[in-house]
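Shared between the two complexes below is chain A, which pairs with chain B and chain C, respectively.
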Partner chain A sequence: MHLIAKEFKSGLKPFLFWTLGLFVLIFAGIVKSMGAMAEGQFMTELIGRFPRIVIAVMGMLNVDISSFGGYYAVLMQYIFVLAAVYASHLGSSAVSRESIDRTYEFLFTKPRSRSFILAHKMLATMAFLTAFSSLNFVFSLLAVKQLTLQGDYSGVFARFSLAIWLVGIVFFSLSAMFAASFRAAEHGARAGNLAVLGAYAIAVGYDLVEQPGLLRLVTPFRYFLQTELITGAVSPLYAGLCLLLSAALLAVAFARFERRDLGAL
Partner chain B sequence: MNVFRFELRRAWMGAAVWTLVLIGLLSGLITAALPAFLESRTGVENMLANFPPAFAAAFGMQMDNLFSFAGFYAFGFLYYSLFGAIMAASIGLDLFSREKRDKCMDFLLTKPRARSRVFCEKLLAALTLILASNALFIAASLALYYAYAPAPLMPERALLAASALLLTELVFLAIGACAAVFARKVRSVSGTATAIGFGGFILSALHSILEEEKLRYITPNKYFDAAKAFFDGAFEANYALTGAFLTLALIVAAYVRYTRADIPVL
Partner chain C sequence: MAYAIETKKLTKYYGKARGIVDVDLAVEEGEIFGFIGPNGAGKSTTIRTLLGLIKKSGGSASIFGMDCEKDKVKILSEVGYLPGEVFYYDNMRAVDLLRYSASFFKKDCTARIRELADTLSLDLNKKIEDMSQGNKKKVGIVQGLLHAPRLIILDEPTSGLDPLMQRTFFDLIQRENERGATVLFSSHILSEVQRICDRVAIIKEGRIVDLRSIDDLRKNSYKKVSFTTENPIADFSLAGVRQIAHDGQQTSFLYSGDINALLSKLASLPLIDADVSEPELEEIFLHYYEDGEAAK
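Up next is the complex of A and B:
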């Protein structure tokens, strides 16, 4: 328990920083949404008939600003990116923070196995990620109260928050795996960050082409399509894939971490 | 010039890879998607012909701008500037936090070189990398412009639009350098640089959705607008000046801090 308490303490400041970003983005986005939605209906209908690439270039792809749900989905696109960058930071710092701070000799000579220590660190960081996506839900509810909107959006908010958490744990586990696999801590962190950037680039490519096919499987940013999240439920298939992927990646991370040279920088 | 040479040797590889990725992204987007994009114009025009004439006229105004090399380049600029911002921020962070990260500040600062000299050499190395990278990027942009843009060509405007990336990167270099100098500890260069780059990207996206003019003053990716450079032949002065001023202010702040700050306890 000491470990978890210690991790909470050291992770709190970055967490507050990231939630501040989340807060500003959601409040600025939602409170200002009325103006953007005003001319939405006609434009959305018109733009729906354009070829896909033209819409993308006009910056109107996936933008259905005629309804609040559609507008919220656009906003959430960026929260997904924010969450992925944060999750990747959490994953790599859970694994290699002690190596970077050169405190590993202190911690890993304690009578606890490496896996025990890593598991506790990951539990603590996972709690930050969970809090981040829960706060997304809370902030959205609070922000939407500032508007006079008909209807109940808590279901939409909950689905998006769950999807953010699921995508977050994939990037979290991926970065943890990279951090445990590379000899130098900086190389591991870089691989994790490049994975986020690459996944985002593939997501943009997915939007550009008419028939993406298997491209969807490659980028977690498109596991949960906004149209599905607004209308229906979180796709159980892709939710399962997220859980399975992160379980596999974490297993590799633990196996690698047991054997790695902690002091290698 | 030892520091300059050392920093160049250490950082040129990363910058070279980023430059290749940027040029690949640019040429990939333009060669693969631009022809299809320009072709789809007739389809859109046929569709618009069914609408009331007043509406079609209003839309037609934008059509020439939209369906051009410039319109497409400006679309891609959102992503080039994301990549460029991460590259520039990571160069700034990397160079100016190197001794802090490796805990060898005392080694460097006991050498018979003034701190101001060390700072200037590091800055020069960073600028060299960014300028070299952008020289290649601009050359690639112009080559693609000559190859793909329909007549009439306006190379001086294309040059200005392509240099928007250079100017944006300079802002991010200053942000990265300042962050490196002021931070108590830099744990991961790539992590911080990614956060800064995506931060700018999200701000610019937020600005596009909200269309709130004030927001643009804190959005580095939009200080230098490639589309404006293409269509008007100039950047908007107030934003460009904001960018220039911000860059200078951050560099000066970093300089003052670097030359005076206590060396952190190891």
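Up next is the complex of A and C:
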């Protein structure tokens, strides 16, 4: 069995659980969209009565949920968070899993460099993230077929799915870097989860302030704005930033992993 | 001459905590080299440094003349390692784990896996999670030997194996040695080391305190002496006597020195019985610790 095949096998079960969550969220969300859109005026008024911060936390501040695009953007806001948490889990797991399971003495005494092993583990886990984003597209297409909607939304779904993947790899790389930097695995995983939480809090702040300025650069959750994804394209500038940031974070993760002592965590 | 293993002033600190200090080892190709010391003495730290699992703080370490850090990948293709505690992927069957292990080496290990599993009476189709600790250890032995390594590193290898299987294991290691493999055998159980090793290094508190052949260690070090007298002896003093113990009429101690001086001293006593024998390695080993305690 190849290293990547083994990693696929061991990551499959958690992937299926995450995919199940994604499936339920998208199908339940999209099927209910007709109701929300039918009651569009009422919903808008109702939400308008909420404090601004609550609306921002729900990701509804800058979108019109009486339209399908707006409704889908709000739904995707939660998928972004879901994907970020999953990516963070994948990143820290790729680095720390062998130490947590105490199988490091088996794997890292084989004639392969640490970087080779880590790169293969990351490729395998990255494939899960890619599959997760792709399934977001597929599930969205399937779910929307249950509705009687006018127009083709596949472009919107594709843009959101790509954006989810790009944001996901940033959190994946960030968590991998944390996991390679902290001695204790739980500290690395905690730092990754806190990064997701912190980034979301900043994203809420970004939505609330009139002139956020450079705040957008700090939170990957706002690299791709809902309004842009609904009507326009995936920003090449921020897509490039995601790739560059991920490359830099992974470079740090590899360097630190190469230098660290391997042991039970 | 390139040694199978050579360390010079090898040092490892975990932050401020001592791991090993100035460890000098030279293991010749083809020998079975014992590495003994109690838990926490630095045996596993030395081994993990050799295998590149942890980074040294100072000194040098090489295997077959290659640097343990720079040439790690090349070295590991020649090394089989059995850790003290074995942890594998629970959801795998033994045969899958062993095939996975074999996939890292550029050779077909199928026949060898079967042969080793038969020798150890290991059921290859069983899942790792359903195995006893002893069977997991057997899987560990097979995965350590399946690529017929030139150097076998064993860290407390017999824990979890029953006495019969221990015997099989020692036979297996001796066969590997006859095939030409060098063996580094780390243990805190001295009788195991005594059983198969040619030479032994004794490590204590991170430092090598002695290095000699097993025969030399037994023959030239200490005699175990015990004698029984008509009346209990309150005082028995002779240069070279250690660990003296009185139990009624019986007195026992370890002796290192001129055997004639010992016999003269014994001859002056009203003896009922006397016995001079080779001490167990455990008893010899104790001195390295007593000396340390006395120095404190």
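Points to keep in mind about this one:
Methods note: the second predicted complex is superposed on the first by the 241 of 265 C-alpha atoms of A that agree within 3 Å, B and C clash if a C-alpha of one lies under 4 Å from a C-alpha of the other, contacts with A are read in each partner's own complex, and residues count from 1 in each chain.
The rule is short, and it goes like this: a residue touches a chain if its C-beta (ideal position, glycine included) is under 8 Å from a C-beta of that chain, and two chains touch if they have at least 3 such contacts.
This is a predicted model, so every value here is computed, not measured.
Of the two partner chains, neither chain B nor chain C is touched by A:Leu20. Applying the stated contact rule after C-alpha superposition, one finds that A:Ala184 touches neither chain B nor chain C. Applying the stated contact rule after C-alpha superposition, one finds that A:Leu244 touches neither chain B nor chain C.
Annotation for chain A, partner touching more residues between chain B and chain C: B. In the three-chain superposition model, chain A touches both chain B and chain C at residues 101-102. Contact residues on chain C toward chain A in their complex (touch as defined above): 14, 48, 51-55, 72-77, 79, 81, 83, 85-89, 91, 96, 99-101, 103-105, 143.
Contact residues on chain A toward chain C in their complex (touch as defined above): 1-3, 6, 10, 101-106, 108-113, 259-263.
By the touch rule above, chain B contacts chain A in their complex via residues 25, 33, 36-37, 40, 43-44, 47, 66, 71-72, 75, 78-79, 83, 86, 103, 187-191, 193-195, 198-199, 201-202, 205-206, 208-212. Residues 21, 25, 28-29, 32, 35-36, 49-51, 53-54, 56-59, 74-75, 77-78, 81-82, 85, 88-89, 92-93, 97, 100-102, 185-186, 189-190, 193-194, 196-197, 201, 204, 208 of chain A touch chain B in their complex.
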